[in-house]
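Structures incoming, each one as structure tokens.
Next, two complexes with subunit A in common: one pairs it with subunit B, the other with subunit C.
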Partner chain A sequence: MPILGRACLILALVACAYGIGAALYGARAGRREWADSGRRAVYAVALLLTVAFAVLELAFLRSDFSFATVATHSSTTTPGFYKGAAVWSSQEGSLLLWAWLLALWSSLVLFLTRHRMRDVAPYAAAVLLGFGAFFIGLLVFAASPFHVLAQAPAEGNGLNPLLRHPSMMIHPPMLYSGYTLFTVPFAFAVGALLARRVDAEWIRSTRRFALAAWFLLGIGILLGARWSYSELGWGGYWAWDPVENASLMPWLTGTAFLHSVMIQEKRGMLKVWNVSLVLATGVLAILGTFLVRSGILDSIHAFGASTLGKPFVAFIALLALGSVVLVVSRRELLRSEARLDSFLSREAMFLGNNLVLVGLCFVVFWGTFFPLISEALTGEKASVGPPWFDRYTVPLALMLVLLSGIGPVIAWRRATPANARRNFLVPVACALVCTAVLLPFGVATKPLSLAMFALAAFVLGTVGQELVRGVRARRAMASESAPVAAVQLVRRNRRRWGGYTIHVGMAVLFVGVAASSTFQHVRDAALVPGQTQRVDGYDVHYVRSFARVADDPDKTGAIMTLGAVLDVSKDGRHVGTLQPARNYYPGSPEDGPVGQFVSGDATSEIGLRAGLRKDFWVAMQPDNVWLQRAIAKANRRDPAKAPLWLAGIAIGYIKQPPPASFRIIASPLVTWIWLGGFIVIGGGLIALWPAPDPARRRVTATLRARVAQELGRA
Partner chain B sequence: MDPARKRTVRLVSALTAALLLAGALIYTSFSASSPAKTPSQLASSAEAGRSYQLTGKVVPGYAHHGDTLDFRVRDRNGTASVPVRYTGTVPDPFRGGREVIVTVRKQGLVYVGERDSLVTKCPSKFSDSKKQT
Partner chain C sequence: MEDALAALLIFVVLAVAVALVTQPLRRDRVERLATREQLRREELEAAKEAKYREIRDAEMDYRTGKLSEGDFRALDRQLRGEAVEILRELDRLP
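For the complex of A and B:
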């Protein structure tokens, strides 16, 4: 089986090389059969990588420890549900997933455009195959997932327990889908520049792919935040870690691109800007992949021992340099067909939104790479923390929310005072009412948060106003009921209403971020059963301890669980019961007959009571010294009865629990973050959903009119 | 105003604003940063009271005293180590042999960790073998 996987990779690399040559020759010589052959090479690469990925996935599912990567990242005790996901927990497996997804998306876009853009598509195919060749080259020469061990171990190391979380099953594939999909508009932009076809056609052909990239990368980021909040035991969802930032940067420039392309499509403006944005997004996607694998920056997520840094640096330098050369050499072709008429226009707002998004990306880039920048400039590696990021990102986020409210309703070309009054009276009133309602609750002590709440109300006001106007207009024209009119309104212009829905979702999400980060209450306390800790007006009472051995309801592979039952009340009224716990996983036989069952990794299983108004989040840590002593004592007893001694430790913990350390966090509106995320996903789906064919729609409308006419006669 | 002149004025204003913002960004990043040091660098050059980002591997044999964690951090490739006293959230992956990053200040002979600043690298993505305290 490993031979089959390796052979597929080598053949895929050969197919890439052939495809690049064929596509470029076909494009340069005008030989369509060669260009088609280059495109078919992409399909062949996708097929070969599918087989290679299936071989590796099967090896994980069968716990075939003759594969080195299976032995180091899975085990027979890893629950079956997570064995499949363990493939992308390794460097090699995740690279293979990257290359496979790239090949699949490349095949899809080239299949969909096979009858269009005949001058651009071959160049795009060559660029996509170039990406493929780089990643497959890494898999063949530097990080093979099919490396075989001379002697297969009886048991593997197992999947890190922290990754045994449902969102971790889909978080990496979502991120990688986003990254790989961003290479599609990159490749078509390069193709358009090489073919000197810089009209909006390449944008129209790849817009859906850019939107899908943005959508999936966004879901990946959101899943990562949710995993951090519910699994990592620190109570936060974003830490400005370099690897988190790596995924955020292409998402920000991708967002800017999705907005600015509308100006090129509508008015033929911002061509240089759009091409530069999409090229930068493609480069940032590769940079994000590089950051996780190079180990050049200190991150909690990085593949620390990787040696892939140099090839990545060379590849990124080639992409960046090539992009700059291409844009500069084609600058005459990229001249705008129109000029900005006024700063009070939709174009100007979109431009402002782009500048803010690119500014945000620059801040994140600077802060992320600051250790390298400072080392290059001063000889001393230094880094900046979350307060530095917050200083810049908070005001920029405020501006972004404001512009997302103004942009959709301000007039194209030039807004008049009458137009502005008509469009902004209601939204401004919403913002003012929101401010007035919140002032008595002490929100004014945090002016930036208050501003965010008011601006979010402004955005909801603009979108709500547009919806009401649209529904009224449809009802007047077609005599539809309000719900039907609303559905028809969205159906008739999915792109626009998908965008509006996304704006609403982002506003809700930002409200959640502002409230939870500003008005959060955190308490650390060591408690024994019977004791109570007060947090944000709530009483958290430690009722009793509990323990489980070989009873793993979440199927994470934990051997032992030590936890606490907490009762949360306010003013004597019961609010909820929380059961934070700590899971213990198997270690190695060197840890002793009892220790081997529980001396591996340990994870916090948080107690969470989520609500629309407030989240109550609790993590607990049993006294480690007590546990180590209990294990050491049990290790000295009869090894044949080790499971019994382990059960004895659990019973001891229930009967006479030592003090446990608790972190209790009361955060308002955290749920709004996930709710906002869901609304954004809904908006993305609306925008992505294929619109009915315009020709068919015209025919249907004509037919309907004729039938109506006939019925009228009858 | 002449449209060409108007455009030039706009461009110069935008560039000036961008330069000012970039200047602020650069200045604040240098003034707000903490130097990253390995244990051996810290042992030889740390100044009392100054904040540093200590990076290295946890030496097996750490101890909890109440909510305080005492541990030593050694160089990634070496044996030089420094003692750290830390209070706050201890990440789940924290163990002997794992790579950590913690913001510390020198106080006497000990390096005191800033509350909740301890991060441990994700162990699934290391190629070294598993070893526990």
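For the complex of A and C:
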């Protein structure tokens, strides 16, 4: 069926070209039927790409190695669960996923806004189809997922074992949903500028989609961090890797946009800033995809060098240049309708928060592209590491948390010193109490972490105070019980309370980051059974080794596992048992009759004991020299009994294990990072939950009044 | 056999896509995209909703102690005046 997939891609490209022409003609000539036809071209592209994606997905599930991409990224031994996800581990499949998600989200957005923004929507449809045309063009001309091999191999290369992790099933679709959804506000901003309609309506129509993009991209980033922590075997969750940074940049500018957009909606201010932010976010979303797909920067996540760099650079340059020209040419229309009344106001705090977020984005951008910048200037590729990022991002993160605490309790337009005093008393007291409680525990030696803990307490204080006062105000107005009043408070302003919940989640997350990165204890040790290593007051005792052959409880496709059973205790009290291991995957038949079973990639299976107070994390690496010697010896024996010799190696490892290398990490409050992430997701859901349509609410109110009137007459 | 099935599927997908895209062009009547008055009405409706939200937020700010009574009264008067202007303009539209 590759011909069906190829035909769908070509037809989708034709539909994009037609749709751009129809939508633009409809917009320029004011012909609604052509604008509608252009919008429907987006639906047609979604349909065609759904068929194309289904063809490729089926090929992966059926292990159809006549497809080149299936042969290089899957195998019959790849577990079924991961075969479905192997589609987006390839360059071509990943681009197809991007284009497909773009078409699906664009269709949804254009369908939901089909009765609104009739002057702007056709331009937005044309822009979205332009994005589609670029990615489908790459799939048709440069990286076809439907390339067929002259002779299908009997077995494929298999999915990279590092990607055989549950979060990898949803991490890429989440990230790509975020990236593609960020093109929606981009497209509507371009449409609004082209149609010269720069009031708050385009923001109102697309804000929810920007929020959904922010939400999904955030989940994608969080899943990536979790994968890094539990799969990559280095013990961290964030390494300032270019691909991680690529997803963070649009998320930061998107966060800034979601805050500053409120100022435009309320006061008609910051129009240039908002439109620039949303355009920058769209460009950064494409830049993020470019960083992953081009292999231009070294990354553990990227998919190697490719030929897609030049078209991506040209496309990004076109987007950036076009955005600048559009904003400059419409600067007269983008004049603010009001001025900032006072620096002691919520508008000023939002502005400060925006500057910090954009500053963070700039730091991440500079650090990420420093290797390219240094190469262009000096001819040598130099890179910056985590300490460089930490130097700039930590103070900015502290300011961000501070502002996220001040924002909710300060009034719009102008706050008086008396009100400020009244509103900040409780939150400041929370911060001071937190500082006083932590001082005896030696936290003062790390002032930046102490500041983060105090500021997080300040944020919790402000949101808690808002909740208490809001509930009290509602009870005074509506005589409700406290729980009902709390629910009604949130229901009546989901956007505000979703935002506050997100602030709480981010504060909790930052506490986890500050504690785990500052007060972490790391030990690297080579141990044999019977030996003990002390880490952060805990005794880690190597009890015994273990090995498994063709026994893969996690269903990752590992052929052999070598591991260790560790007993963790404190002051003689048993705390937990950990079983770190190393999984070995099949390689090439050239590595010998026994070697072929285990000469592929190997992955660390982490031993983890997670708790609210502390995580105990252990990775182990069996002696590779011992293993290679054992394999070489087994390779020289009777090939017909190769599985037996492999089992013999495993038994040998259990009986007389060589010293294994261990990395043992005790990190406080790592769980708070995931907990904070869940709170953020909860807040995002509250904010995203659709509120009743005001027009429908008005009609309902009118009908209720009529019912009351007619009942009264009867 | 597989090729014939693929050809049939391509034809079906193409037919559905063409029908989907050309449906608006097969309408009997020609519709204008939007008049200037319609656009202005949408703009004013958006401004009205934003102003109402601002009035409600100011009231909540007052009730939760972020605004003093004097400041709230002045702000509320100003915002309601601005809302009245928007409603007047909405009423003037044909």
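Descriptive notes on the structure:
Keep in mind that, in the parts below, the second predicted complex is superposed on the first by the 693 of 714 C-alpha atoms of A that agree within 3 Å, B and C clash if a C-alpha of one lies under 4 Å from a C-alpha of the other, contacts with A are read in each partner's own complex, and residues count from 1 in each chain.
As a convention for this text, contacts are C-beta pairs under 8 Å (C-beta built on N, C-alpha and C of every residue); 3 or more make two chains touch, one makes a residue touch a chain.
All values derive from a computational prediction rather than experimental measurement.
The superposed arrangement places subunit B and subunit C next to each other on subunit A without a clash.
In the overlay built on the shared chain, the residue A:Asp119 is in contact with subunit C alone; subunit B does not reach it. When both complexes are overlaid on chain A, the residue A:Leu47 reaches subunit C alone and has no touch with subunit B.
Touch criterion not met for A:Asn274: it reaches neither subunit B nor subunit C.
Contacts of A:Asn353 after superposition on the shared chain: neither subunit B nor subunit C is touched. In the superposed model, A:Asp199 lies in contact with subunit C only, and not with subunit B.
With both structures placed on the common chain, the touch criterion links A:Ser599 to subunit B but leaves subunit C unconnected.
After superposing both complexes on chain A, the closest C-alpha pair between subunit B and subunit C lies 22 Å apart.
The touching residues of subunit C, when paired with subunit A in their complex, are 2-3, 5-6, 9-10, 13-14, 16-17, 20-25, 27, 30-34, 38-39, 42-43, 46-47, 49-50, 53-54, 57-58, 60-61, 63-68, 71, 75. On the subunit A side of its complex with subunit C, the touching residues are 1, 3-4, 7-8, 11, 15, 18-19, 22, 26-27, 30-37, 40-41, 43-44, 47-48, 51, 116-119, 122, 197, 199-201, 204, 265-266, 409-416, 418-419, 422-423, 466, 469-470, 473, 476-477, 493, 694.
On subunit A, the positions that touch subunit B within their shared complex are 72-73, 89, 91, 157, 159-163, 232-235, 239, 241, 298-305, 359, 362-363, 366-367, 370-371, 374, 380-385, 387-388, 391-392, 524, 526, 587-588, 591, 599-604, 619, 621, 623-625, 661, 663. The residues of subunit B lying in touch with subunit A in their complex are 21, 25-26, 28-30, 32-37, 53, 55, 63-64, 66-67, 88-93, 95, 99, 101, 103, 116, 119-130, 132.
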